[in-house]
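A, B, C and D label the chains in the order they appear, each numbered from 1.
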């Protein structure tokens, strides 16, 4: 979507005036001015994120709190101006506003304004990090996008596998969590089924915080069995599945033609004669 | 098995009356009524699971406990009626009752009745989650089942590898657990061999709760050595094994014999005649 | 080695008397008596391991301690008699005694005798678990051994990769442990370099007990950087490496013959004409 | 770089005197004297590392502290002399001093001298571990270097993938850390955004110390969702991506064009003539 905003000539304002110049500077990175704009923008985003992060450290906030507060507002006003300029100079403002980068650009300035009413929400400005995706445009790393695109396509290709996996995991986690809730009772930390599900997720992903652990013998035994089975599945079955699917893939191509003489299957694509009876294929 | 219940025409009651109509509604998802039935069923299952989960959270149970209790019984009675209808309208009741979905359907209603005698067991109704597998039928996602089938076949194909893996892990875990029990003594948390085995499983699966940890120098040293060796094995050896087996697979097909007539290489192991010139090998 | 003990006819005693019969019963599993012997043996081993495990649980030991003690000694005496019989009936006793199974058989009875002098060492009899490897012989699962053999060969084939990996990990772990020791000081739990190395191993293998954790800002920052780099390496680089090596492997075979006309490399094995200039190869 | 120091004949001092002999002993491992020198060096490095490690254990330091201190200084002086000799006998001292091994050799002696001013820094001498890389030269294991070289090339080949991965992880970790900071507040341990980022890294790498854990319901729910999505991505998407790219790679070669003359399929993308009949494609 972002690409369509940048590359679509229809999106560019038709008249050849200051709006067009502004568009070239803000949306494109091919002219020196446009590149400089993007570089300054990325620097400002990074600085603004660092300011928010430092502001959250109480020892810094005590000393530099006022400075951080001012800087945060300066950055927010700058980004707001930039957002408005983008809206003005683009051909179709609504199209930009609803595009991926348009939404991110808006979300990146909202938290500071929101913090006037809802203290604490200013930390959400770190969503500005997503704006850094523009860095790929500045560095002319179109191929990086291609890499990401490949990953997304791979994910989309394995959508069915992922759906199946998610369904299996969710069912497993709900049943396992409930079992542990019944077995452990409220003494251990398994105080409710949702909390037990949280434990199950922490265990199955092998994160294993240790804030909730089974304490009864039965609970520990069940957890052990589940862990070994799960470990076996993800470590052995997954690679096995890959190999199997590859071999299936390979054999699909090797189960070539059938000999009319001896009915032997499995001839290679380039075979001219049956390898078992010698009859011409 | 479930598939055979649904697709086998012999399972359908022969007479063309209300039982047949009921069968079409309950067991099939092709008619509007059948689809609606399945959709309502899935919704009811989901709702019932959510009710049980919320009921386990004490802060909710205090307020809505009575409501949850009533809803749970309404759902259970509904599912009981549905189970009885299934038994009535199906051609061979015993065959359905012993099929995968038949057992699940029974297990999904038992816990509530059981909770009258054994408080706490009502949480086991989350086994209803398995009933959601029917969702695949409603969504006409037969291919999802194919995906699962592929996974199951992959697991079955690597049965020997899994047996070997399980045996290795169990032996390793028992010996390691006993060693740590002897080394650590009862001060650390290694209070018995089964408990030490529980620790070994938590460590080797890299879950690492931290509820039981080695505290002596010797115990920490042994744990370190085991962890590195195990990590190396699962991270390096497994992919290596895959590559090795693939290369073996590939080379078996690429080396082959050479035809003495036309010097063609690359014949399969089972080839008797040259696939290019037909000469006997 | 064990296989050579069992299969090598030279190992069998030459005279055709009771020793030969005993050999057939004890070492082979082809006759009914031999199979029965192996089955009883496996059962005895399993029982003996279970007795030791239960004996370590204090609540059981208090009640059944005497029974467990007697059973343990009965099993040990039985296994001692069996070991002596093996030594007597085998053709070359020293060869059996130094073979893999010979050593295991001896180690499996020593701990109980040792426990008379060194209390606690009787738990080491779980090493009997390794004797269960004989189960593969009884179940005629020669192919399982083949599977294990494949794994061992895969490990041997990647010996260089493993050496490199181990060296890298050990160096990394020593340097990282020392750095953390200097950074964290003794307050956190990094009380010595060996202990810091133990922490580094727990962290890099992602076990993460949490018994020792960085507490200073610098320590947490260093740990974070190391974790991300390490995670990236093992999750991205390893599969990448596999694909790379496979492609290398594939291209090594595809860089077939060279066209004498246009010097184009990369012809397939079955190519007759240069695919670029059409000249006969 | 190190290789160029050792192998480049221009780096060898031109005159055929004691400097040349020294160069052969110190920098080469082909002569008996050179091999002995390298072996003694490796032993000294190992010993020196062990001394530092033992010195950090307080129970040893109390007893052998003086001995360790003396040994540490003896080793440092020895390595300093060795470093100076290397500088003297090498043809281009600055080139050696700025090479990989030159820098390591210097860093390996600095900490002890530094410890006179900055107590505690002497533990950094474990950087001497990197000097052990020379062991590969002594053992004539050039192929090990080849293995490492392959790994480095694989890493370099997947540079784009790694950059993308790092950028994704860093953005994810910053946003996730900030979200958790806002959700959890300072009660749990999420006392600042950098600390929350540390938590996010520990969670996503599945290390899971458990020193900082979400305690609010919302925080646990968010953590659960992130863990499952992340687990799914790294366990399913990565292998899927590999298979996808391999199949892409394979299909690129298998589909090809069809010869209009002999109907032979499977021509490569870059083929101009049929490899079987020589007809132009």
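By our rule, a residue touches a chain if its C-beta (ideal position, glycine included) is under 8 Å from a C-beta of that chain, and two chains touch if they have at least 3 such contacts.
Note that the coordinates shown come from a computational prediction; the quantities given were computed from them, not determined experimentally.
Matching the C-alpha atoms of subunit B with those of subunit C calls for a turn of 90 degrees, to the nearest 5.
Of the two chain pairs examined here, B-D and A-D, it is A-D that is joined by more C-beta pairs in contact. In the contact between subunit C and subunit D, the residue numbers used by both copies make up under half of all numbers at that interface.
The distance from the centre of subunit A to the centre of subunit D, with each centre set as the mean of the Cα atoms, comes to 27 Å. Between subunit B and subunit D the centroid-to-centroid distance comes to 39 Å (mean Cα coordinates, whole Å).
For subunit A, the set of residues that touch two or more other chains comprises 161, 194, 197, 206-210, 239, 242, 245-246, 270. Listed in rising order, the residues of subunit A touching subunit B in the complex are 160-161, 163-164, 167, 170-171, 174-175, 177-179, 181-182, 185-186, 191-194, 197, 203, 206-210, 213, 217, 220-221, 223-224, 227-228, 230-233, 235-237, 239-247, 266-268, 270-280.
Touching subunit C in their complex are the following residues of subunit D: 49, 52-53, 56-58, 120-121, 123-124, 126-127, 129-130, 132, 143-144, 147-148, 150-151, 153-155, 157-158, 161-162, 165-166, 169, 194-195, 197-198, 201-202, 204-211, 234, 238-239, 242, 245-246, 249, 267-268, 270-280.
Per the touch definition, subunit A reaches subunit C in the complex via residues 206-210, 270.
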